[in-house]
Structure formats: structure tokens, C-alpha cells
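One chain, chain A, appears in both complexes that follow, with chain B as partner in the first and chain C in the second.
Up next is the complex of A and B:
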């Protein structure tokens, strides 16, 4: 028998976690997983969906804070996210269906730790950290430190993810997320890629990051080496990105794709993500999500 | 025609479904009702050593646990009776039922189902169609020779049924192929797929004395009733099947499934019992999914582009048992032969047992795959002879008065008009970007005339009631019956309510299968309404002092022809009639005749070579391919259909649009994946990828309306299955143009398309 209670305050929620409860917000992973027999419902469940401390998106001079309870539906239309942290909006807009996006939260998605999660690669390229809180304090953990293996994070059982934080964006920056999908709704990433690009006034890349979805045990940050730094985004540099992404990936074969196909297409997604991020960095508006605006699988 | 130009059509079941007030089987609750769970084999092929239910029965809250020992020991199924209600001696697919449990709630029922001890010895799995046909292959049914088979049905080991279609002679085909200027030979392989209705099925059974009432989500209430009668050995008047709202079927809910299991549980438990499937069960357990197929085609062409001869070999997967699939080989043969003028044709076609889920009639069984192979092949033929693929079809497709692939001479048909119309609507021939192309395919499908009955009555206030045996599965065909009755009686469709889906009340109808509802039950409703019209005219003639032959029924009144003022309302007439001979019409007209083909020499004829009121279609689809990933997107599709007279244009458009969307899924994303263990790997909607509304392209539809003789009311033919037939084929031909070669595997998944683009690159000496 499962005991369900609703936290009236953050302190109460943290105390419940310290006492062994598991948190529930949208329930899109917890409840569905239980019904599918993946994992039984925990004995004690504490609902955190009414906590104001976990809500809201706020941008200060040097940092963006996204409350853990912010839903995908909010992320896909929030003007700050769409303009400055576009990759997150691109990803949120592709998640599941309107009903999943309305109840599924960013914090829940992050802590579920799936290597196929769409918002994960954007968080990595945007330099996000997860803010984990307990009754005795809190700490910031990078996404690479947080995700350990499919479904497993480095967070302790009494830690609650209360927010995702990331640095404010430098001038002339853009980001994008694209994914390979076989249909336009109710889909999960076959592979995906996020990119963040910053350009100098001459259009040369000063900073670039790429992360990959569903090609390893966790979301994978790509070491681009000198593939982009100091270079323009052109056919040669994009081809180099695609090659590095394909070589970095360690995909598996499953029902959705073979490893060979994943390795190839993740390169395609990486180059498309970098290209879209570069265009955004150059001031172009590409409507959210890139997948729809640029056509099939984000081709142009 | 735009929707706004068409007559208003309010579906009687529409508001209930849209507002949520409609009730489905899963919504029913009866006093004292128990929950049923089925225990499945969970293994593809095994000899049963022991099934022990004692531990399950001992669980508190369990009312009954049944196995093969608890029901009459007999085999059932039409044509090839090869299965039992519960596994006996052998299990032949993972979804086979070995035991059924009724318990106080779902948790206890599941606990009991899990507690059934099942000991078995594994047997070799028959999975591959060609391997199943090889000499010495393990048998799916070791006792196949002892089965009590109906009719002229050639069988052999793992071949459940065999049919051939032949035009000319086999030797004539060989000679014509040898003499042909060009011969194209190819293999096409289609995976199995699913009907995937929105509503997972439910069954509720309740006994009163020796009679049982069963509420069930079936498309064919009378088949379901007959299945219960056959397997539990009961007369038909003690089994009543009622279907509440049905959440779609697409053929997956044709046939007889779990009604007898639940009736037997309810009887043993002395309580009402309810079964509701999970989505996974809906994928795994029913003996209904779309058959996988292997199709070999060899076609000879003359230098002028006419087709000289075709030889074909088809293997249709039957799965573990023969549901309604006995006629599939012959139907498949017709589809791979196609609606073409070919002087010499010979197709051999086998229904092959495997240890997979049984196949059964899913929306146009064998046709989307057969048409896909035939029409992909047709484009390959056009290319081989250097002709445009549409011009090639113009030259070779049948037209009014032509002789088809089994020698049937067709009356007035609109196939050539379909080809002209669809290609024009699609803008075929226009310049397109090099990642786009328009693919064209022709399709055909028979109509199935049969016995069907309905009552129509007008009560004292003039309100109309249609009582029909027909089953509404979402197509709107039953809803259109109101329009037919209203037109016959000069009334408004909304003056009529419909009582349907109750075998205890209504006369027989085949059910929502074979696109036959309007064709057959429409005639029944018209006939019943005609009887009432005669009565109304007699009453009106008396009251208006005119001859009955001069009475016109229109706008809710009866008036004298030429004197609209001399009238009486139908409500008044109904009130008069209610005091004496009541207004009750019954319709059960003689069905249209099937054509006879003199000299037809098809082996294993299952009655689907000579087609009554054949339907024709052409789909022209514009596709864009993302070459780097193989992901295809359907940008637009133009559909032209000859389904005879269209009775209700809005409903007809809905059928085409739904069929197209289902066809896109079959073309690109829907396919069952089996593991080495013979079990389905993707029995879930995340991994079995249906199309969604977000994927739907603009669909334009035109109807080539030819009032067809020996067909349905006003010359209507069927329509529900036809739009499903040529969609995958048209997409295939678009993809072949973009890629440079066909994808000869169905579904044409992104990865398969990508592999094809790589092999083209390899062939042209480029690196991948």
C-alpha cells in the first residue's frame, strides 16, 4: 500500500524525503512506470507540485534559474527561454503530447535520468547545474556529474532537485536542439543533438558545445577539439562536427534503430544543431522547435 | 467538393462520443461483478506437460479458474477448424490462453493467473515463411491431416490453405514469359502489422437461468454469438450479444474472440464477470493482426509496353491458427495480379502456419501489402520499358468492358477516371525539388453482397425507429441508415433513432466487416422503409381521397402529386396507424448476385476471384525524403475512388482520410518485430508507431460516381477498406523515384530507406 501526501512547504517535502519518501510532481515517469511494471510505486510518496519555491523562471544578470516544477509546456513558450536558451524550448516542444508537456516537469525529467530525454542535451550545452537540496543544505551538481547510467543519478535519496541553474548567455550566442523522430507527436528521440554556439563580430566561432541524446548510457557531451573554435560555420566545419559526433557516440541497437544507423544519424543531427545554433547566434530567428521549422528531421 | 457544400450529416453516436457521455464495455458495472484475467502461454511453441490450477483456486477471492478441461472438447474456426478455447496438449503462440480466472478484483485475479502452474517442453519455433515450407520443417499442427476442413481446400503440412489464380494455362504463362521482350523479376517482403483500435477490447457476461447476455467490443455481434454457441454448445436464442459504443476495430475486432471464455467464467462463478484488455494484451492475444507476406513477381512485357504475362508466388502468414484467413491466399493473388489487362496469369498462393499470433481480417486483408508489391513492381516495369509510370498504367489498366486477371469482364467501372483524376489533383508531372516526388498507385477491392436484415417502425407520434443487425465500428455506415430511411419516407434523418448492436433484438447482419454495412444493410433498411411508405400512402390516399399511387412523401407530409396543399402530416398518419395495423417494416432483400466466370480454372477457390461490384481507386502522393536520415514525410495525397454512388459525402470523405492515415502508417512506421523466441518485441504504442494527427498530410478526395448494377442502395459499393489499399504503394513509388530504386520491404522505415540510399551510392561507386 502506498501512502500519498501533499507537501505544504519545501521544508515539509525535504523532511519527508529524509524520512524515506519519494517525490512526485507530474507523475509521467513514476505512475506510468509503475503501471508498466518497471518499478512498483514507492511506499511513501510526497507530492511537490504545489510548492511555490519550485516554480517559475527567473533571469538575473548572470544566471537563469528554472524551478524544478516548470513544465515542458511552460518552457516551450516562455519568452526568455525561447530567445536566449532556445535549445531547451526546442526540446520541450518535442516531448510527448500536449498532456505530457502540461504535467511533465523539467526537474522530473532531469532526475529520471533517461539517456533519451530531450531536455538533457540542451542543459549540458548551456552549462546547467542541478540544485539539490536537503534539510541541511544544498549543492550544485553539473549534469555530467548528475547522470550516472540509464535511470540512475548521483543524487542522494534525501536530495530534492529544486531548480536548474545556468549562466546567462554571452552576446552573439545561439543554441538549438534537433532530434531524429519517425513521427511528429508521441515520439521519443531515436537520436538527438543540442548545440550552443557563440560567435565573434566576424562570424567566427569563439565557443561551441555539442551534446548527444540516446547514443550512450547517459546524455553525452562531445569534445569538439578545434573543429569549430576560431572557424566559421561552413560545410567543412559542419562535416567535422558530424564526424566527431558519430565517433563519440557509443549507441546500442534496439527496436528504434541499429547502432550503425544511430551512429550515422547522430552526426547528421549534430551538424544540424550546430548550423541552427550558429544561425541563431548570428541574429536569425528560427521558430521553436527547429525540427518543425526546418522540416523533416530538421533538414532544410 | 468541399465539406461545406455537402448535406449536413449529424452522426447519432457523435455527440455521445465527443462529450464522453457514450458508454463502452469497460464502463459497465453489474451487481456482484467479478474481474477476469487470462493466463497466456508466454511461449511460442511448446508441448504442455502440466497445467495445475489448484494453487490459483486456493487464493481467497478467486471464484473460478478454467482450463481446457472445463469447456466442451472441440475445435473451431471457419473453414479450417484448428483451435480450442484453451490450449490443449500444445501451445502454438505466445498469446494462447491456457487458463482463465475470475476473482473479486483485478489484483487477486492477476495473482491467481500468475499462480497457475504451467509446465511444458519447448518445441522448435516455426517463424520464417520459407523455412516453414521447406521439406522436413517442424509442424505447427502435427495433426493437420485430421482436421475437419470445409470445401475444396488444398492443404499440406504447414500450408493451411492454398489457392491459385490462372488466366490461360500455366504452360501458356511459361511460353508467354519466354517470348516476352522484357522480363522483370523481383521479391517483395511485408512485415505483419496491427489493427490497433483505440479501445482495447472488453467483455462482460451475465447469466440468467440458462441464458447468457454478453456485452462485448466486437465488430461482428452475430459471429461472436455463433462462436459462443459453437464452443459452449448452446442454441442461438440463449446467447444475446450486445455491443455498447465501440472504440474502433479496423478489423481487429472481427471474428469471435473471448466471449465464450468470459461466459464460461460467469457460469462457473455464478456471478457476472468482466474482462478488459490492457494495451499489451490487445497487441498479443487476439487472433487478428495483419499478415506478413512474401511476394515473388515475374512479369513479361512486350516492346510496346503492354503486359504479356505474369507469374507469381505468394506466401501469406497464417500464424498459429486459422481465424478467418482461409481466403487470404486467393485474395492476395488477386492483389498481386492487379487490375490490369494481362493475357496470361498464374499465381500460386499459400497460407502458411507459423508460431506467431494468428492473422485475421484487418482492414482490407492482404491488399495493402499485395497492392504495394504489385504497384511497386508496376513502376519497375514502366522503368524497364522506358515509359512514364502513369502512361504505363493508362495503357495496361482495365476499363469498362475489359477482361481482368481471372477472365472476369467488368461492367461500367471508373478505374481509368480514378487514374486521370488523382494524378491531375496531385499535379503529377510538375517540376519538384530533387528530394520530392509524386508516386502513383492503383487499387481495387471487392464488395461482399450478403444476407442482412432490418426493421423500421414509426410509432404513434411519428417518431422513427430503425432496428438493425448492423454494427457501427466508427465508419458511420450505420449512422447513414437514418438518411436512407428518411429519404424513402420523406422525413428528416434526425426523426430516426437507431437500435443496433443487439443480437437478441435485431435480425442478422454480417457486421462491420468487408465494407458491407451500407451495401447490404442499407438495402435492408430501404426495403423495410418501402413497406412503411406503402402503408403511409394507403392511409393518406384514404384521408385525401386520392389514389395511393399519386401520394408523394416529402418534408414530413404525404401530399397528392401536383397538389402540395392537399396533404396530411406523417405524424397524423402514424397516429391513425397506431390504432390498427402498425407501421412496422421489415427488410431482408435478396442479395445482389456474384458474377460467374465461365471457364475459370482457379485451384482452391475461396470465392474471392470473381468480384461483385468491385471498387477501384488511385492515390497520388507527394513525398519528401530527408536523404541523410531516410525519414520520409508525406506532404500531400490526392485520392480518387470509384465506390459507386456516394450516399453520404461527409462520411465518405472521413473513410478515405482515415484509410489514408492508416495506410501511411503501414507504409512507413508500423510493423511487428519478432524476437528469436517467436514473441513480439513491440507490443506497445511507443514502439509500434501509429501515425498521429500531427503527421496527417492534406488529403484531397474525389469520387468517381457510377451507379453500379448488382450493388448496394442506389448503386453504392463499399468504401471502408478501399482507401487503405493503394496508399503504401503510392508512397513506395514516390520513394523509389527519389532514392533511385524501390524499398522492397514493408514498412519502408527510415532505416530501410537510408540503407537503400547507401546501396545506390555504393552501386554508383561513391562512398557511403
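Up next is the complex of A and C:
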């Protein structure tokens, strides 16, 4: 028997969590999971999807704030996200189906903590932090600190993710997310990769980050060393990225792919993500999502 | 038990049901509208698609209580009396229906698509219907029906 209420204010939601309730947003993980028998619905559930405090996308001089209840459907068409934080839009556009994207939220995706989540690698390369709030205060947690293991985060039960924050983008920056998939819709990443690249006026890389999807117990940040710094994005540097990404991955075998296949293909995804991010950093427009525009992943 | 008022196709239904019940089962069993189908019951097939404030939602995986205060539209809400909605009429006319089990969900996804994009390309129709599985038709006639319905509506 479940007790259910719809939060009328953020304070009410936070108090409910402090009293032991669990939040529901779109329900695409919580409710689906309970129907699959993965985990029963919590005894007390509070719906947080209508809270204005958790809605909206705002860009200030130095920071982007995405409310936790912003949906994937909003992220994939938002002009600020598409232009400046493209990797998030690339990922959001690949999630599930129109109905999943319509109700599924970024905050829900983050707190579900799946190592195969599409928006996770983009958040890492864009330097995002999760803003966790309780009745008594709030704190910022990096994504690497937040995700502990599959389905498990470091957030306490009374902490609600209210927003994802990340620094505004430097000039000449681009980002991208690509994934290997067997079909175009209702798919979970076989593997995926996000990249963020900043170039100097001569086209040399001044900053680059890569993160990997579905090749470890959590979304995995890659230490690129000097593979890209101070170099152009060319065949040699891309090959180095692919090698490092494959060596960093610690994939498992499951019904979707073997560990060997994942280890190889995540390197391919990493180099394609860096290539696309570099082209965007150079001013080229590559339509969202990169997977479709560049013909990566499933053809139908 | 949880008390809720559901707005379904413009009618208000006062309902008492366990709060863990999904919208699909409440629509079929309490509201009594059985046009919405249960396929996989796992958020994969789209047979249960309804509109929530005009946007498509898999009703098998959405809590009924969470729909309170939102406008639910089911396949029964599309026809105007005996006059079928153009999407329904074109599906029949062009053979987009075989066994019919996916059809209500397919039409609801198509309705949401055409409401926000009256002139979709074939690719946009494919994406709009990408959360709906059909095991009979091979999709070609469904795509044609949605395309022709779009022309008729505008």
C-alpha cells in the first residue's frame, strides 16, 4: 500500500523527504522498475514534477543552471543547450521515445545513477555539479562524487537534487555525445562517449575532456594526459584518444555486448565525440543529435 | 486508498484506488475506457499511449494519482460523435490497422505529433511514432495514414 501526494512547494517536498518519502518525477525509472519487480514502490511517494523551483534553464555570465525537472524533450530543443552545451542536447535527443523524453527529467536521470545513462557523460565533460538540497541547507556535488555504483548515489535519502549547474562555456568551445546503439528508439547505450573541446585561435586544443558511457560501474571520466593538449585534432591525436578510452574502460559482458566489443567500440565512440566537439569548437554547426547527423549508430 | 479526480476526455471522474495503481489500469477498470491497451506493461511497446496535457505518456508506467489536475486524452476522446478523427479514418482507409492492438497508442502518438508539427516529414513521423511497436503492418501503411491525415487536418 503506497501513500501518495503531489508537492505544492519545494519546502513541502523537502520536509516529506526528511520524513521518509521518496520523490517521483516522470516515473520512467521508479514506476517501470516497480512493475518489472526490480524494486517495489516506496511506502510514501511525493510527486515533485510540478514544482516551479525545479523548472527552467537559465544562463548567467558564469553559470548554467538546469532545473532538475527539466525534461529531455525540453533539453533537446532548448536554444541555449543546443548552441552552448550541445552534448547534453545530443544525449537527450537519443533517450527512449517521445513519451519517455516528455516525462523523463534530467534530475531523475542523474539520481537514478545508471552507468548507461546518456546524459551522464555530457554532464561530466561540461564540469557539472548536482545541487542537493535538504530542509537545512544545500551542497554542490560533482558527478564523479555523486555516482557510486550502478543505481547508487552518494546523496542522503533526505537530499533532493534541485538543479544541475555547470560553468558557462569559454569561447571557441564545443561538445558532443555519441553512442553505439542497435536501434534508434527505446534503446540503451551499448557504449557511448561525450567530449568537450576548447581551441585556441590557431586551432590547437587548450582544453579537452572525455567521459564514457556503459563501460564501468559508473559513468567514467577519462584522463587524457597530453593526448590532446597543445595539439591539433588530427588522425594521430584522435588515435591516441581512442587508445586511452579503450584502456580506461572496465566493461562487463551482458546480453547487449561482450566486454571485448565494448572496450574496442568505446574507443571509436570517444574519437568520434572528440572529432565532432572539435568541429563545433571551430564554429561548425552539426545538427542535434550528432548520432543522426553523422550517421553513427543504428541506420534505421 | 487514495482519492483522486481524473479529467479524462473532458469529463471529471472521482476515483478511489490504491496510489500504486498505474494510469492504464485505472482508465480501463475504474473509468471504464478500454480503448487504451495493455501490451508489454513495461514501457516498451506504446500500446498504452495516452496524452497528458497534450503530450504522449506511456500510461502503464505512470501513476494514476499523478495525473490528477492534468487533462488526460484517450483514443475515445478523438472522434466527434460518429465522425472519426482524420487519423482514425485514414488508418482504416489505408489499411494501417490489422490486428488493431497497437492502433490506439499509435494514433495517440500521431495526434501529439500533428498537434505540435502539422507538416511533418516522413522522418519526423517515424520519430514521432518511434515509441510504438506494430507487429502486423510493417509500418508503411501507418506512416502513409499519418501523412495523409496531416494533409487533411491542415
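Just a few scattered comments:
As a working rule, the second predicted complex is superposed on the first by the 296 of 300 C-alpha atoms of A that agree within 3 Å, B and C clash if a C-alpha of one lies under 4 Å from a C-alpha of the other, contacts with A are read in each partner's own complex, and residues count from 1 in each chain.
Heads up, the rule we're going with is that a residue touches a chain if its C-beta (ideal position, glycine included) is under 8 Å from a C-beta of that chain, and two chains touch if they have at least 3 such contacts.
All of these numbers come straight from a predicted model, not from anything done at the bench.
Put simply, more of the residues of chain A are touched by C, taking chain B and chain C as the two choices.
Once the two complexes are overlaid on the shared chain, A:186 sits against chain B and chain C alike.
Of the two partner chains placed by superposition, only chain B is touched by A:265; chain C is not. Of the two partner chains placed by superposition, only chain C is touched by A:41; chain B is not. In the overlay built on the shared chain, the residue A:294 is in contact with neither chain B nor chain C. By the touch criterion defined above, A:100 reaches chain C but does not reach chain B. Of the two partner chains, chain B is the only one that A:257 touches; chain C does not reach it. Looking at the shared chain after the overlay, A:28 reaches chain C, while chain B stays out of its contact range. Applying the stated touch rule to the two superposed structures, the overlap between the chain B and chain C interfaces on chain A comprises residues 184-186.
By the touch rule above, chain A contacts chain C in their complex via residues 1-4, 6, 24, 27-28, 31-32, 34-36, 41, 45, 47, 49, 73, 96-100, 102-103, 184-186. Put simply, chain B touches chain A in their complex at residues 435, 624-626, 628-629, 631-633, 668-669, 673, 681-682, 685-687, 689-695, 749-751, 754.
By the touch criterion stated above, chain A contacts chain B in their complex at residues 180-188, 255-258, 261, 264-265, 268, 295-297, 299. The touching residues of chain C, when paired with chain A in their complex, are 2, 18-20, 22, 41-44, 46, 49, 52, 55-58, 60-63, 65-66, 68-69, 109, 112-113, 127-128, 130-132.
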